[in-house]
Structures are given as structure tokens and as C-alpha cells.
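Two complexes, one shared chain (chain A), two partners (chain B, chain C).
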Partner chain A sequence: MLLRLASRNLWRNRRRTLLTLSAMVVSLALLTLSLGVFSGMLVDILASTTEQYHGHLVITADDYLDDRDMYKNFSSDEQLLRKLETDEVVIGFSQRLRGFGLASHDESSYPVELLGIHPEMEKSVTNLHQQLAEGAYLSGNNGNGAVIGSSLAKKLKVSPGDELVFVTQAADGSIGNDLLIVRGIFRTGHSGHDNSLVLVPQQWLQKVMTLDGKIHEIAIAINAPLRAADYKPALATLLPQGLSITDWGELLPEMREAIASFDVSRLIFVIILYFATGLGILNTIFMSVMERTREFGILMALGLRPGQIKRLVLLESLLLGLIGTLLGLVCGLILSYYMSRFGIDLSTWITPITYAGGTMQPRLKAIFEYRNFIEPAYLLVVVSVLAGFFPARRAANLQPVQAIRED
Partner chain B sequence: METLNLAWRNIWRSRRRTIITVIAISFSLMLVQAFHNLAFGVYAQMVDSGVRSGSGHIAVYRGDYAVSRDDRLYWQSEDLAQQIASVDGVKAVLPRIYLPGLAQSSRESRGILLTGIDPTAENSINPLLKNINAPEVIRSLNGRDALVGSRLLTELKLKIGNKFVVTAQGTEGELVSELFRIRGIVKSGIREVDSSLVMVGRQRAAAMTGQSDAIHELAIVLEHPEWEEQLIPVIADILPKDSDLRAVSWEVAMANLANAIKLDYASQKFIFLIIVLIVTIGVVNTLLMSVMERIREFGVILAVGATPGRLRKMVMTEAFLIGLISMIFGNLLGVLATWYLADVGIDLRDFIPETMEFGGVVFDPIMRASWDFAYMGQMSIYVLVLSVIAALYPAAKAARITPAAAMRHH
Partner chain C sequence: MIRFLLLLIISILLLPHPAWSVDLKALIRKVEEQYMGLSSKSRMTLNIRSEHWERSLKMDAWSLGRDHFLVRIIEPSKERDVATLKVDKEVWNYLPKVDRVIKVPPSMMGGAWMGSHITNDDLVKANKIDEDYSFELIEESKKRYLIECIPKPDAVVVWGKIVYEILLPMEVPGTVSYFDEEMVKVRDMVFDDIKKIDGRFIPLRMTIQPIDDPEERTIIQYSDIDFNIKIGKSFFSLRNLKR
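Take a look at the complex of A and B:
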């Protein structure tokens, strides 16, 4: 009975209820939308370094990542690869050899970082093959093709088909140098990669560096990037002695912090917004209680206990909160869906921005993350009930006789 | 005056409602002011450390170096640096040359950015050098002393005092090598810098291009950042007319930082917008309620001869008064909050142990607000205007009341 009474009470002053609801809907819908966009940015930044370079996890010789010493290499291990292939979490892996040196064309020389790869394997870890501005990706493990970053290509003044000379220090102490043919040019927006990264066939690089059959790392892509650290121990058990596995959080501690601190800023954001919304709800419920002083008096005179009156008012605010949350969620989902489908392109306004070691592309795109909807929705209901608490107590404390006498 | 008096009494007739509304508005005003001031302070700090280690508030480049970073665009500074240094408001002029190259130790080689600086000018200004002690500074413009990024040092397996070779390209594209000795370590917290910075005396680096006075950049640090706009034309005037030298602001020279700030500020504005929207709905609601409650009373007022225009004016005045009180309280709270944030600040070191890079600059883990009075004033007026706008609908509603129907209303 109380529930029916509460819902009727809400609709007695329709305009007021609707206005209050609209405040709740606006705050929840825009809140979930902006959280979705922020999450989208973070995923974008993370992908900019993991899916364009590092991978989500990486297997290396112990301590290799501290100094990327070329002698801390290891031989490709068939048994290990087979284990990775059958692992459910792993969606791709790529064996790589890394070399640092100088690339020259005509009168220009620039420092570069070479990754010796198997093109097909690399495609399963990084998405550079989807970001080609010119030319084509590497096709085989042999040959002397190279895929280079766009800024580097511009500085060296090369286009697909041109020759490059690569000079490096080889493992036997000699100076290794050889000719490369530019096959493709990628543009990622990440200035570090665009300026210095060069992909070459693995066998070619092994020959130049006199490191036959050796690799420096196995980069791994997994299906849930944010949970890389959780999967690490299981993958670590697959490794032979002398190798270790590192997740992106350890590779890029500042990015891990940035993503972790998102939870804190999300909470602060929600609290601030709901404080304003909560005051609005409080005001509404208060008004409706004050207006009905006489009515409450009569209800009490008819035998309703103060506890029941209190529950009635709380029920009203709970109902208001539930309706507002529901509508807000629907609007939030629609807005987020729109922003995830279409997004907003900011590239005419700003250029890519580096953040915590990653690069943010100039676009706004929402992603759906369960927590961005559940937490704000849940809190809005809590806020509504809290806002109803004070007026409810006041209604319950009324003295029937005085209340009825009031006009 | 009479209207004002009446409106004042009216808003205090339902004290609780007025107080709740005032709290909502003034709290929001405080939030907006305090958060803006905090961001204002953080941005100012970022810009300050960015311009000191980067391009200066104003940078002089040849051609489109600011965008292309084409290292062939070096030029002879001659006495230009002194001329600019004598301009009022210029704190320091830092000549620099940047050469991409390969650093080689006996075991490893890595790509680096060889940065030639003027140590005496740079030491007191550049935040990258603030942790360098006296025995570690670069001693001369053409010596072999080098400061090396911390990560680069480990990767090259070098220690302070070790020698290493840097190879870069000369004017004709030929490769030129130069030997340096490590004097000190630079640890900036920015991965890119720590793994690729080699800082040496300007003339020694320039000698690799064949011209010992060549530079790429004059980074001009100003006494007051806000003078930048006035000083750009002044400095542009000093530049030789027949050269293709240009003076550009840091927003152009360091697009990464400028954009990072722009984007961050835009998202903050969006949050403010949501808050303002919610508060506006709240104010409309309150005023509407107070009008609906008094329909009967308004009917009586109209019956005794008041015009609808007068009623409208009264409701608007009530809103204005609520706005005014909220504005005063909001400013009071905003000042207190900013005071706290400016004095104590927010220490992020407990949350974020790592150094955080944003827009190519290390983010100071202690965030401090600084005062932006113009913005605070603007927001105050905005709140006032908003309250009055929010009253338009309720006021129109009050003016439409017909006395007979209203007095019958209960």
C-alpha cells in the first residue's frame, strides 16, 4: 500500500517531479558518457604503445629490458612457442630481434631502432600493418625489405622503392652494414615510433648483427590487455630457465599509474556531480513534505505510525531515484553508443598528445565499460535515498494535532 | 526599492528552501572556481618547466624548424642572443643546437639527440639541470664534457668519467664522429628524454656541422609568461630583415604541451557544463515551486491592483537576490578553497609513486592552485545571470495568473 501511495504522491506535482528527474537524468547520462570517453582515451593511449610496439606481455632473457643489451639474447624455442599457441589467453605472439644503428640515404643519416620480425607473426601482436601511409608491409622472412616510420621517411627523403644503408655494431665486435629497400611507410601519430622505428625481416637482421638464430624477445598479445598482470604468473610457468616475462604495467609503470588513478578521479568526479544533484533532490522532497504537513497529520491521526510515515517518504525518494537512474542509464547508453559508433574527430584542432609514455590520438571515442555504468547508477540511487532521509525524519516527527491545524 | 524589499522578505519566508538552493549554487561556484584555479596553477607550472627545458616562451627558428625539425636549418647566431637578452622582460636567452646521432660505447650503440647548450646560461634556468651538482656541470662551450640521460647511461653500460663516441652527419652528409666524456647524469622522469639525451657544450656540437657557431634555436625565457604576446613582435623586429628567421610562441614550438593543456581544459569545461546544467535545473525547480505555492497569494495581489509586469519583476528580483547571496557565499568558499589549494596543494605522491609525463613535461606531483581573479569574477557574474535566466519561466508563469482562478486555487 505504501508503494502505491508513494508513487501517487510523486505524480501529484508532476512538473516538480519531472524537473527533478531531468536533473538526475542529465547528470547520470552525461556522467556515463564522459566516463566512457575517458576510458576510451586510456585504452587508446595504452594501445598506442602496446599494440604499436611492446605487446601486452614480453618474454626476454633475464634483465634484458634493463639495458637492452644485444648479448642478452636467446634461441627460438619450439616447445615454448607451441605452448603459447595453445594458451587460451594468448591471441598472438611475435619473435623479435632488436638492433640500434644509423640509417642513411643520400646525404642524410638518422639513428634508428630495427626490429627483425616474421611479418605474419608480427601482425598478430602489433597493428602497424594497418597504419601504412604508403607502400606495403613486409611479405616474407627473407629479403631486405624495410617498413619505416613516416617522420623518418620524411627526414631521410625516401619513398617506397628507395635504398637505405644501415650501419650497426655487430655481436662479434665488427661494424655490420647492409642495404635495405624501403617497402612501406607507417604513420602511427606516436612521435617516437614514427621517428625511429624500422621493421625488417628477421633473418636479414640476424645476418647483419651476426646473431644467427637468436632473438631478443617474444612479444605477446592477449585478449584482455588490462588484465595482463593477472595472466603473467600462469605464463611464467611455461618459461625455461633464464627467461622471464614482463607485463606492460612493469614496462610502463607511469601508464599503469595513470590507468589506476582513473578509478580515483572517476570517484571524485561522481561525488562532485552527485552533490549538486543530491541537493536538488533534497529540495524537492523537502518541499513536498512541507506542503503535505496537514495531510501527514491526518494520516497519523488515522493511525499511521511515525515509522510508516518515514518509510513512505523514503519510498518516494527511492522511487524517484530508481526512475531517474533508469532513464539516465537509457540516455547514457544511447549517448555512449553514438559516441562509440561515430566519435568526434579533433585532428583539425589539436595534434596527438603524449601522456604517461603513450600517445593520445586527437579523437574522442567512447567505449563501453561495465563499471562506468554500474557505479554511477548505483550511487545515484544511494544519493536519492540519502536525500530523502532528512525530510522523512521531519515528517515522522510531526505532532498530529499541530500538523492538522496548520494551513 | 519596494520590490526589492518584498522580494527579500519572500525568499526568507521559506528559509529552508532558499538555504538549500543557495548551498547548491554557491557550492557549485566554489567547485568551478577552485578547480579552475587548480588547473590554472598546474598548467602554469607545466608551461614553466616546459619552456625552460624546451623552446622558451618565445623561440627563434630558421624557416619551419618548429614543425619540420629538419636539422639542416641551423644558422649563425652572432650577437643576436645579446641583443634579445637586453630587451625588457627577457629573463634569459638560451642558444641551442640539436643533432640526431648515434652514441657508441665499446659494447652498444643507441640513437640519441645531441643537444649543444650554453652551460652558463642554461644551468640556472633549465629544470633538467637542477639536480646537477657543481662538479658535474659542463665546463665550457667547446670541451668534451657531456651530460647523459640516466636510461641511456645504463643501456650504453657507461659510468661517469667514461668516454663514448657520437656519430652524426656533417654538412655534406658525411659522417662525423666526436669523442665525449661523461660528467653527469640527467634524470628527468620522461622516458624519451632519459633514453636519448646527450647534452654537451654548444660549440663542440656545432663543430660537427662544420660551423662552430651554428645553432637551431634561441629559447627565450621571459620574466612574466603573460608578456609573451607583446614581446613576439618586439623580438621579431630585432631579427635581421633579410633572413628567414622567425619568432614563434611556445604554443607553436611545443604543440604537444599546448595541445595537452587544451584537451585537459576542454574536458574540464565539459564537466563544469554538466554542473551548471544541473544547478540551473535546480534553480528553475525551486523558483517554480515557490511560484506555484503562492498562486493564491499572487491572485490576491493582482486583485488589489498590482500589474502582471510587477509580479514578474518581483519573481525575477527574488531570483536575482538568491543569485546574489549565492555569488557572495560561493566566492567566499571559492577563495577559501583556492587559498588552501595554493598554500597546501594536493600531494599526489601517495597515489602515484611514478613520475607522470603529460604533453612532454613532467607533471609536478604536488598540484598547487594559483589565482585567476578574472575568471573568478567572470564566473560570479555568470552565476548571477544564470539565476535570473532560470527565473524567466517561473516569472512568466506568475504573470499569467488570473486573479479569480488563482484565489479559488488551494
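Take a look at the complex of A and C:
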């Protein structure tokens, strides 16, 4: 009975209810959209470093990451690889050997970081093969091809087909040096990688550094990058003695901070927006309660208890909240879908920004994240019930006789 | 008159004492040049020990004054003909395996030379101590001078301080200690095995000892050294680097 009464009351002043409803729908829709875009930026910036370089998790010899000492290497371990292959969280992994040295072409030389990789494995962890500006990716495990960053290529004045000399101090102390042929040039927008990263076939690098059969790390890609830290302990149990696993949050503490601070700013954003929306709802319900003072008096005179009156008003605001939330979610989903499909390209106006160790691409693109919808929706319902509370109490406290006499 | 004399005396006393600094500068320069000669040709062995390996390199070296220097590896055969040329402030390496000459970029000047504990920067700057530093005598005895070298404010150097020991009466370097900008001792360069060659005293052995890695060191041992040979600037060319 109360429910029917409540819904009828709601539609009595159709214009006012619709106005309030539209405020709720717009705020929820925009909120989910902007959270989706925010998350999109975050995933973008995280991917820019993990999926262009680090991987989501990385297995190394203990302490290797402290100083990247080339002697802290390990041999490829078939058993471990098989375990990684069958792990359902892991979607890809890549064994790498790392070497620092000097790359030189004609008159110019620059310090570089070489990653000795198996091209097919590397593709399952990083997406550099999709970011080629010129030439092609490495094709086999052998040969002396190289894929280098665009800024480095520009500094060295090389294009695909040109020769590079790489010089380093090999593990036996000798001067390791050999020729590379530039195969491809990648452009990620991350200045560090574009300036110094060079991908080469692993065997080639092992030979130059006299580290046959050795690698420095296994970079891992997982299906839920933001949960890397949660999966770490399970993966750590697979490792033999002497190896350890590190997640991106530990590799990139600034990035972890940035993502944590996003959670806080999201909360602040929600509070501000909902405070305004809440006032709107409060206004609507309050006005309708004031208008119906006489009516409430009559209802009470007919025997409705104050508790029931209170419930009636609360039910009205709950109903308003539910309808608003439902419509808001639908609109939010449509907007987010549009933004995830098409997005907005800003590259005409701004260049990629390097922030917290990652790179923000100049585009707005939403992603779908469960909590970006559930949390704002749930909160909107709570806010509308809260907004109904004050008018409801006022209505319940009316004295029937006085209320009936009111004009 | 007395007043005037007094003023004169005081002003002379207050003047920075140029006599010593000139002496020390000249002394250091003399010691350094004695070691190089006007020109020289030498054969030396580099014995390098690091945490993970130990190896010996036999090399030939030529020098002309302070600004020209060429060194070429003879042994081991794997690295035969790897060579380094230094002219003024620039360093080139020649790599026979790929038949390329590589100029060492400024960012790599701090890097190890031939895997030793000598940096490229040492090759460029080592013999310029008398120009880049100011000196103070901190100890003087019959056996040695101990001179503290502080970089001049405008000098582009990597060290915060150098303490230079000159052994007497031969006037050869003894132990030279290098300090970083926080005045922490980073390495010692010890000169010994002093021989008299062509009328001058020369330490034939030089040990570079990093302080924080007592297990590591580089020893340069001269086995043959000739001074004032006939050699021109044209010898120190990129063409000759490749040979």
C-alpha cells in the first residue's frame, strides 16, 4: 500500500520529479564516464611502462634489481617455464638478458641498454612490436638485427638497414663488441625507452657478453595488471632458491602512489558531485512534504502512525533514487561504451606526457571497470535515502490537528 | 717614515704567499713530465683484477707531450690491435673485430678504460693537475713532500681533492690519493719500482687501488720505456689508430 502511495506521490508533481531525476541521471552518468576515462588513463600509463618494458611482474636473481649487476644472472630453467606456461593467471612471459654499453654509428656514440630477447616470447609481454615507426620487428633468435628507440635512431642518424657498433665490457672482462643491423625503430612516447632501449636477439647478446645460456630476468604479463601484487605470493612459490619475483608496484613506487592517489581523488570527486545531487533530492522531497502537510494530517487522522508516514516519505526518496540510478547507469554505460570504442584523440594539441615513470598518451579513452559503476550507483541510492531522511522526520512529527488546519 | 715601512711590511705579510704555490705547481709539473718525457715509447702490462675475473693485457704506448697518446693491445690475441688514441680532450677507440673507430662520448668519460680501474677521464685529465688545481704543502720532510691539491673554482674536474706525495730526493710520485666531492677517499695510485732511465728516475710500476673494493686493482708495469724519441703529431692520427 505504502509503495503505491509513494509512487503516486512521486508523479504528482511530474516536472519537479523529472528535473531532480535528470540531475541524478546526469551526475551518475558523467561520474561513471569520467571514472572510466580516469581508469583508462591509469591503465594506459601503467601499460606504457609495464607493457612497453617491465612486464607486470619480473623474476630475477635475488638483488639483481638493486644494481642490475650483470653477474647476478641465472640459467634458463625449463621446469620453471613449464610451470609459468600452465599458470592460469600468466598470459605471457619473456626471458631476457640485459647489457649496458655504447652504440655507435659513424661519428656519434650513445650509451644504450640492450635487451637480448626471443622475439616471439617478448611479444607476449611487451607491445613494442605494435609501436614500430619504421622497419620491422626482430624475426628469429639468431642474426644480428636490432630494434631501437626512435630518439636514439635520430641521435645516431640511423634508419633500417644501417649498421651499429655495440661495445660493452663482457663478463670475462674483455671488450665485447660486434655489429648490429637496424631492423626496426619503435616510438613509444616514453623518453627513456625511446632514447636508449635496443632489442636484439638473445643469442647474439649472450655471445658478445660471454654469458652463454644466461639470462637476467623473466618478465611476466598477467591477465589483471592492477592485481599483480595479489598474484605475487602464489607465483613466488614456483621459484627455485636464489630467484625472487617483483611486481610493478615495487618496480615503480611512484606509479603505485599515483594509482593510490587516484583512489582518493575519486572519492573526493564522488563526494562533491553527490553533495550537490543530494541537496537537489532533499529540495524535491522537502518541497513535496511541505505541500502535503494537510494531506499528512488527514492520513494521520485516518490512523496512519508517524512511523508509517516516515516510511512513506523515505520510500518516495528511495524510489526516486532507484529510478535515477537505473537510468543513470544506462546512460553511463552508453557514454562509456562510446568513449571506449572511439575515445577522443588529443594528439593534435598535446604530446605524450611522462608522469610517475609512465607515459600518458594524448587521448581520452574509457575502460569498463566493475567498481566504477557499482560504487557510484550504490552511493547514489544511499544519498537519496539520506536526503529523504530529514523531510521524513518532519512529516512524521506533524501534529494531525494542526496539520489539517494548515492552508 | 716608520709608519710607511710598517705599512709596507704589513701589506707584504698580508699578500698571498706566491713563492710556495709557484714552486709547488712547477714541482708537480716537473714530476708529471718526468714521467712522460717530451715524447716516449713504452711497452707495458696491465694486470687487472676484479671481483669476477683477472686478466693481463700487454700493450705498446706512444706519447708526445701531454696531449697526444696512443696505445695498442698486443696480447691477448682476442683483443690484439684494439687501440686507444687520445688527442687533447678527445678519446677514440679502435675495434679491429668490427673495424670501426668509436669516439668516446662525454657521457662515457667516467667509464672504465679497457676494463681497468682507469677511466677515460683519467686519460684526458690526469696530466693536467698543475693547471686545474691549486696547491698547499701539508707535510715536508727529507724523504717526501705531501701536497694537497684543491681544484680551482672554475676547473672542470671529477675529484674533490688530490693528495700528492712526491718522494725525495728523486722527485718521483709516491702515493697519490684521490678524494671525491664529499672528501671521501676513492682510490690510491701507488708508484714504485723506481729505476733510473735516460738520466731520470722513473717508477716503473703503478697500482690503482679502489678504496671500497680492496680485492680489486689494476697494476701497470712498464717493461720498456724510451724517452725523447722522434715522433711527430701526425703519428697520432685516426689512420694510425687503425693501422
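Here is the rule we go by: the second predicted complex is superposed on the first by the 407 of 407 C-alpha atoms of A that agree within 3 Å, B and C clash if a C-alpha of one lies under 4 Å from a C-alpha of the other, contacts with A are read in each partner's own complex, and residues count from 1 in each chain.
Everything below uses one rule, namely that a residue touches a chain if its C-beta (ideal position, glycine included) is under 8 Å from a C-beta of that chain, and two chains touch if they have at least 3 such contacts.
Keep in mind that this is a model prediction, so the values were computed, not measured.
Superposition of the two complexes onto chain A shows a clash between chain B and chain C. In the overlay built on the shared chain, the residue A:Leu3 is in contact with neither chain B nor chain C.
Contacts of A:Ser34 after superposition: chain B is touched, whereas chain C is not reached.
Judged by the touch definition given at the top, the superposed model places A:Ala301 against neither chain B nor chain C. When both complexes are overlaid on chain A, the residue A:Leu179 reaches chain C alone and has no touch with chain B. When the shared chain is aligned, no partner comes close enough to touch A:Ala234: not chain B, not chain C. Ranked by how many residues of chain A each touches, chain B and chain C are led by B.
By the touch criterion defined above, A:Leu282 lies against chain B but remains apart from chain C after alignment on the C-alpha atoms of chain A.
Contacts of A:Ser108 after superposition on the shared chain: both chain B and chain C are touched. In the overlay built on the shared chain, the residue A:Arg15 is in contact with chain B alone; chain C does not reach it. In the superposition on chain A, A:Ile374 makes contact with neither chain B nor chain C. Of all the stretches 63-71, 171-179, 279-287 or 369-377 given for chain B, the clashing one with respect to chain C is 171-179.
On chain A, the surface touched by chain B in one complex and the surface touched by chain C in the other have residues 71, 102, 104, 107-111, 169 in common. Across the complex, chain A meets chain B through its residues 13, 15-16, 19-20, 22-23, 26-27, 30-31, 34, 38, 66-71, 100-102, 104, 106-113, 154-155, 168-169, 191-192, 196, 253-254, 256-258, 261, 264, 269, 272-273, 275-277, 279-280, 282-284, 286-287, 290-291, 346, 349-357, 360, 362. Residues 71, 102, 104, 107-111, 165, 167, 169, 171-175, 177-179 of chain A are the ones that touch chain C when the two sit in their complex. Considering their complex, residues 48, 50-55, 76, 78-79, 82, 93, 95, 97-98, 100, 102-105, 107-108, 112, 114-115 of chain C touch chain A.
Per the touch definition, chain B reaches chain A in the complex via residues 14, 16-17, 20-21, 23-24, 27-28, 31, 68-70, 100-102, 104, 107-112, 154-155, 157, 167-169, 172-173, 175, 191-192, 255-256, 259-260, 262-263, 267, 270-271, 274-275, 277-279, 281-282, 284-286, 288-289, 292-293, 351-360.
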